[in-house]
Amino acid sequence: MNATIDTASVEPLKVGSHSLNSRLIVGTGKYSTYELMGEALERSGTDCITVAVRRERLIDAEGRNLLDAIDTSRYTLLPNTAGCFSAEDAVRVARLGREILLGLENPGASWVKLEVLSDTRTLLPDPVETVKATEQLVADGFEVLCYTSDDPVVARRLKNAGAASVMPAGSPIGSGQGILNPNNIRICLEYLKENDPDYPVIVDAGVGAASDVAAAMELGVDGVLLNTAIAHAQDPVTMADAMRHACIAGRQSYLSGRIPKRLYATASSPTEGVISLKKS
Amino acid sequence: MNATIDTASVEPLKVGSHSLNSRLIVGTGKYSTYELMGEALERSGTDCITVAVRRERLIDAEGRNLLDAIDTSRYTLLPNTAGCFSAEDAVRVARLGREILLGLENPGASWVKLEVLSDTRTLLPDPVETVKATEQLVADGFEVLCYTSDDPVVARRLKNAGAASVMPAGSPIGSGQGILNPNNIRICLEYLKENDPDYPVIVDAGVGAASDVAAAMELGVDGVLLNTAIAHAQDPVTMADAMRHACIAGRQSYLSGRIPKRLYATASSPTEGVISLKKS
Amino acid sequence: MNATIDTASVEPLKVGSHSLNSRLIVGTGKYSTYELMGEALERSGTDCITVAVRRERLIDAEGRNLLDAIDTSRYTLLPNTAGCFSAEDAVRVARLGREILLGLENPGASWVKLEVLSDTRTLLPDPVETVKATEQLVADGFEVLCYTSDDPVVARRLKNAGAASVMPAGSPIGSGQGILNPNNIRICLEYLKENDPDYPVIVDAGVGAASDVAAAMELGVDGVLLNTAIAHAQDPVTMADAMRHACIAGRQSYLSGRIPKRLYATASSPTEGVISLKKS
Amino acid sequence: MNATIDTASVEPLKVGSHSLNSRLIVGTGKYSTYELMGEALERSGTDCITVAVRRERLIDAEGRNLLDAIDTSRYTLLPNTAGCFSAEDAVRVARLGREILLGLENPGASWVKLEVLSDTRTLLPDPVETVKATEQLVADGFEVLCYTSDDPVVARRLKNAGAASVMPAGSPIGSGQGILNPNNIRICLEYLKENDPDYPVIVDAGVGAASDVAAAMELGVDGVLLNTAIAHAQDPVTMADAMRHACIAGRQSYLSGRIPKRLYATASSPTEGVISLKKS
């Protein structure tokens, strides 16, 4: 299968005790049917999917369990705490997820994607509660992947609290705006990878199109996690394939050492030759 | 070979009498060696490469002919008029290219990538001379692919003059700035594809990284032509692979119907809920 | 009047034989009433207003003549060829404008703002016809201020054809998108001011808000011409005042030598300290 | 003095018990001399200046006290906790500032600009410590103006903790990058002004040029606080004047109701008329 061949050209992404062949992690929410979800996941080339632990998200309208619809031998499951609005709630849900995955003997029992949201309108993460929950879950033995804003200081606090990965948002969940503040992502990378270049930083949320994934990877992040951009595209399956290619493209582009930006090719900087300051 | 499998997932690009499996057209200049060039071309997945006809560009420092270094059975050659600064010169060079390719019995003899530049500093195209040269070359039986600025009115004039494809620059040649003015590319598409949706529009010049290629394709252009971004990357071969993936990703992303951009997911527009105008 | 005091703090703008105290030139179209127009013009601080010569634009619904509504002792009139779609038409209209202003003994008779548009939908300028009309009007003794796209090569052709000022569009007329391609405006400035630093370059069209005017002036252009952004604002008179301040602000900001952009203050460049390229 | 006349055209900015005629608050650090600082402050049109309380910032190389160099009858002083890296330190410094200003019988004794930074390299604010310090200072009777990142959730926490004003950064202190994430500022405004439209939101940090100030004000923030952009400009006095005009321009532009952005004037949206999705 060509997806395998392709992703093999990029080195694995290591997060905690897990090693992933694809640098794209894909969500399982918002698909119109489980069948469509299954096809999109396959085409995305991912080997790690994230699943909301809350019961109302695990069971569809016809009473079918999401986990029955997924080939769990193929994907590493990453349980997440979507729908939690306090540290306390998130810790409880994370533990529940662990129980479920242990019951399935799924290796995803060891980790959790921590989401502690501030409100249902914007779905922005709450940094204070996220730090608190991280501390508790780390103490509890979890490998914690923290969804957070792009605030570099919060990102560093989360790493210091023991997070296995920090996952800054490119823009609000489901907004499709891509990476709104590359400057912040750069500082996050500087903070988180200082003397620790292999520490995994994953952009989570905000991606709208394939170019957003490529642009994120070109900043030097280690992976991208997305859901709505595929699930709500007009053609989710083709978009999943687009995201697969974009993630590889962005990683390779980052590793290849791009040409510098210039005003024009023979200028040595973007402002080369610009008319100098004229004083009155 | 997976490149073939991948590009097969995207429909062919038709320009004049030619049909291309890959939507990426790659230049042959600026590589440190012909061997490196050969490997990069292969990894790019392209089946169409553009070659400067001027003698000084066809022969390298060791006296080897570029055309001897290329497997011409594998690639369609697109001769170009790089280094021409007037319509007269460009027409002369285009005819010379046709002679050479006819001698090689190469199907590239039927077309030409027209470049008429304004000066050696910026390498920006000269619209007035480009229109003039297009008229002459069309009269001469060429299928003319016109490199031009992103000015939509010039683009339309070139189509009206008989161009087989119009190829607006994303930004200056070799500048690596990507698509500086997506608004202009959108209007170019509107002008050129009105009642003629299959008319091929190709972004030529300015691309720096894989995300630029994906972003260009997501605007709805039919292909991307690039050279420096691969040839001058620190690792041209890996960058070529990045560009291959990015071109497919961008095309699929465009075809898949991306999610709209919003201030946040539950807002119905980017400015939804923004505090309303407050009058003093 | 404070407008006078303020604008006096910025050196005059010289275009051909005219010297203007304000660097903002304001149009007279699209106002709901002449009274509102008059108040907005006054608040804008401008001393130069541009007037469409075509009869249907000079006479309002009640049969009143625009020129009767303007204090022509206060403003230098700049006749324009709005609504012309060929060089021939524009030249005819320019001559008509000269006749009218000569009849009024208005100094604006010596110059013209040349607009040759491509179509009524986008109102984009037609570069080929604009060059042609410029040549004829210069031969005819006009000081020609050329509205054109931001294509630097066309801009240079217009200067070479004898234009008294080149006026690149920031974005399409009435689009409110501001300066879409600062890179092109920079190259225009480099071309037009090379060995001729006082050559006037004016951004004409596309401005939507005060920050657009300031940003344009900060690029080093000599002035801004606008109409819709004031006339179609919800409160045109206050917006006129905003534009007056913004034009001064942008000029002063340009002259003051701004601080460089950095990733953060102690970084020596925007990419300072960013995690270095990691090869697999 | 025309600054007075000008700023009078904009309604006062109310923060806690203070009412300011200018919406620009200016810092006092980084000037080469106190004389230059004094002139720049005057030209900025501000009536509120912020002063670092730490001793090493109040006394210059010649042993002169900053407060002796400022006409404190003219400006409201806003003491700040620059140089503090923990809530504890910031609270201590805030109290010290109150003592000093009470001694001077300066009305600035009632408020404080709270800065709790994360490190000396990036000078980014620490949200967790800032929330903690805010709670303590509010309990202590201070009107607290909180410098923070643009994270909307932290901004709302600070308001809920009793902050008199929340002051999100446009970009890192001294970076000159302007407003990097207008989307976040919009959500901050939505959160902070919901059912409380007069709650003051002030952009603090990151401004580089006049257009940045205008653009910030056009988002609907109530004021801008800046320092480096003036103090480190090549000509601080002229830049101060630029900022004065830009702040007024941006406020008026916001209040005037700008025209919408469109692909071109006759399009009804930015994507109007764009070639529709083409499926293979």
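Points worth noting:
In order of appearance the chains are A, B, C and D, and numbering begins at 1 in each one.
What we mean here is this: contacts are C-beta pairs under 8 Å (C-beta built on N, C-alpha and C of every residue); 3 or more make two chains touch, one makes a residue touch a chain.
On a predicted model such as this, the values are computed, not experimentally measured, just so you know.
Common neighbours of chain A and chain C under the contact rule above are B, D. The greatest centre-to-centre gap from chain A, using C-alpha centroids, is found for C. Chain centres here are Cα means. That of chain A falls 33 Å from that of chain B.
Between the CA-based centres of chain B and chain D the separation comes to 46 Å, rounded to the whole angstrom. Annotation for chain B: residues touching 2 or more other chains are 122, 124, 172, 175, 177, 183, 187, 234-235, 255, 257, 263-264, 270, 277, 279.
Taken as a graph of touching chains, this assembly is complete, with every chain in contact with every other. Residue ranges on chain B touching chain D, taken from their complex, read 10-11, 183, 186-187, 189-190, 193, 197, 220, 254-255, 257, 263-264, 270-271, 273-275, 277-280. Residue ranges on chain A touching chain B, taken from their complex, read 2, 5-6, 9, 120-124, 172-177, 208-211, 213-215, 218, 228-229, 232-236, 238-239, 241-246, 248-253, 255-267, 270.
Within the complex, the chain D residues that touch chain A are 118, 122, 124-128, 131, 149, 151-154, 156-157, 171-172, 175, 177, 180-181, 183-184, 187, 234-235, 277, 279.
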